[in-house]
Amino acid sequence: MNLEDLTQRLRDFAAARDWEPFHTPKNLVMALSGEVGELISLFQWLTPEEAAAWRTDPTMEFNVQDEIADVTLYLVRLADSLGIDLLAAANAKIDRNETRFPPVER
Amino acid sequence: MNLEDLTQRLRDFAAARDWEPFHTPKNLVMALSGEVGELISLFQWLTPEEAAAWRTDPTMEFNVQDEIADVTLYLVRLADSLGIDLLAAANAKIDRNETRFPPVER
Amino acid sequence: MNLEDLTQRLRDFAAARDWEPFHTPKNLVMALSGEVGELISLFQWLTPEEAAAWRTDPTMEFNVQDEIADVTLYLVRLADSLGIDLLAAANAKIDRNETRFPPVER
Amino acid sequence: MNLEDLTQRLRDFAAARDWEPFHTPKNLVMALSGEVGELISLFQWLTPEEAAAWRTDPTMEFNVQDEIADVTLYLVRLADSLGIDLLAAANAKIDRNETRFPPVER
C-alpha cells in the first residue's frame, strides 16, 4: 500500500457514499483544520515529558494514531481534489528549504 | 520517491541543522497547526467557485502547493517522531470508517 | 458582566481547581486552537446557505454557541495569562488597519 | 471602550469597505482559524520557559499582541454576524463547567 493506493481508496470511499459534492477545497481544508484541532487537543495539557511518553497510556496511544490518521485522510483527499501530487510538492519544498536554511557547518 | 524516502529526507534535513531537540510532539503538532492556518487563509475569502478555480491565478497556484507541502512536511515529521506509520494508520482508519459509514445502496 | 468580570471569573475558576500550572502560554494557545477546530468542524460540510441558517437546527444552535463560548474562554484566559488587555490590543490593531485598508470612496 | 463598542467599530469598519458579503459564517470561522495559526506559530519552537519570557524580545512582544488582536477581531466579528452575545455565551458555558468540573476540596 503506497500513497497512490491510499488516494484511490479514498476516492472510491467518497464515490460510494455520494460525498463528492461535499469535498470542495474550502470544505476539505476546514475538515483538515478540524482534525488538526482534535490532534492538538490530545497534547495540550501535557508537559513535554508526558507528551513524549504518549504510548504508555493505551487510550492516548489509540487516540493519537486515530487523529493522525484523520489528518492524513483529509490531507490526501484535499490534495487529490486539487490535483496536487503531495510527494512532488513536498520534495520541491524541501529543495527550496535547502537554500533558505543552510545546514550547520561541522 | 515514496513516503519512506520523504520521511528519511526530513530526518536527514533536521539532523543536518541540529533541529531534533525542537522536534518534540507538542512543538511539531503546533507547527502542523500553524501551517494548516496558512493554508486555510488562502481560501477564506473565496466563494466556492473561486476556490475551485485556484489554479487560474499563478500566485495562488504557487501558494496553495507551497502550503500543502508545508502541512505534509510537518505531518510526516510528526508521524516519524512518534514512530507512527502514516499509511498503516490511515488504512486502519478507513477500515473503521467502512463500518461507521456504510456505502449508499444502489 | 463585562470582559473584566469574565477574566476574573476565569481566574477564580482556574485557581479553585489548581489548574494554574497547566495554563502556560503554549498550553493555552494549543487549547484555543483545539476549540477553534471544534467550531470549524460544525460548519465544514455546510453550503453558505445552510451555514447562514444554523439557528434552524436546535442542536446546531446549541453547539455553535457552546464552541464560540469555549473559544472565548481560552482567548480571555490566554490574554490574562500574558497580561494583555484584549480590548486595547484589538483597538490598536483596528487603528493600524485603518491605514492599511482605506475605506471605499463613495 | 467595551466589547459592545468594539463590535460596533468592527461593524462600521466592514461596512465602510464593502466587506459584509465576505463576512459569512464559514469565511469568518476560517479567518479566525487562520489567525490562531499565526498565533500558534509564534510559540511553536519555544521551551515553556522561553514562551513565558515572550515580552523580553520586542519583536515577539509586538507580534503576540498583534496576533491576539487579530484573533479577537475575527471572534468578535463572527459572533456579531451570528447574533451571539459573547459574554452571555461565555458565562453560560462557565455555569455548565462549574457542574462538570467541581472545585478541589480544601
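Which chain is which? They are A, B, C and D, in the order written, and residues in each are numbered from 1.
Keep in mind that, in the parts below, a residue touches a chain if its C-beta (ideal position, glycine included) is under 8 Å from a C-beta of that chain, and two chains touch if they have at least 3 such contacts.
The shown structure was predicted, so the numbers you read here are calculated from the model rather than taken from an experiment.
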Of C-D and B-C, whichever chain pair has more C-beta contact pairs: C-D
Chain pair equivalent in interface to A-B, over half of contacts matched, among A-D, A-C or C-D: C-D
Geometric centre distance via CA averages, subunit C-subunit B, whole Å: 26
Centroid distance [mean C-alpha coordinates] between subunit D and subunit C, Å: 4
Two or more partner chains touched - positions in subunit B: 26, 29-30, 33, 36-37, 40, 43, 48
Chain contact graph, described as a line, ring, star, complete graph or other shape: complete
Residues of subunit C touching subunit D in the complex: 1-3, 6, 9-10, 13, 16-18, 24-26, 29-30, 32-33, 36-37, 39-40, 43, 46, 48, 51-52, 54-55, 64-66, 68-73, 75-76, 78-79, 82-84, 86-94, 97-98, 101, 103-104
Partner subunit B, residues of subunit D touching it in the complex: 22, 27, 30-31, 33-38, 40-41, 43-45
Residue ranges of subunit C touching subunit B (in the complex, touch as defined): 26, 29-30, 33, 47-48
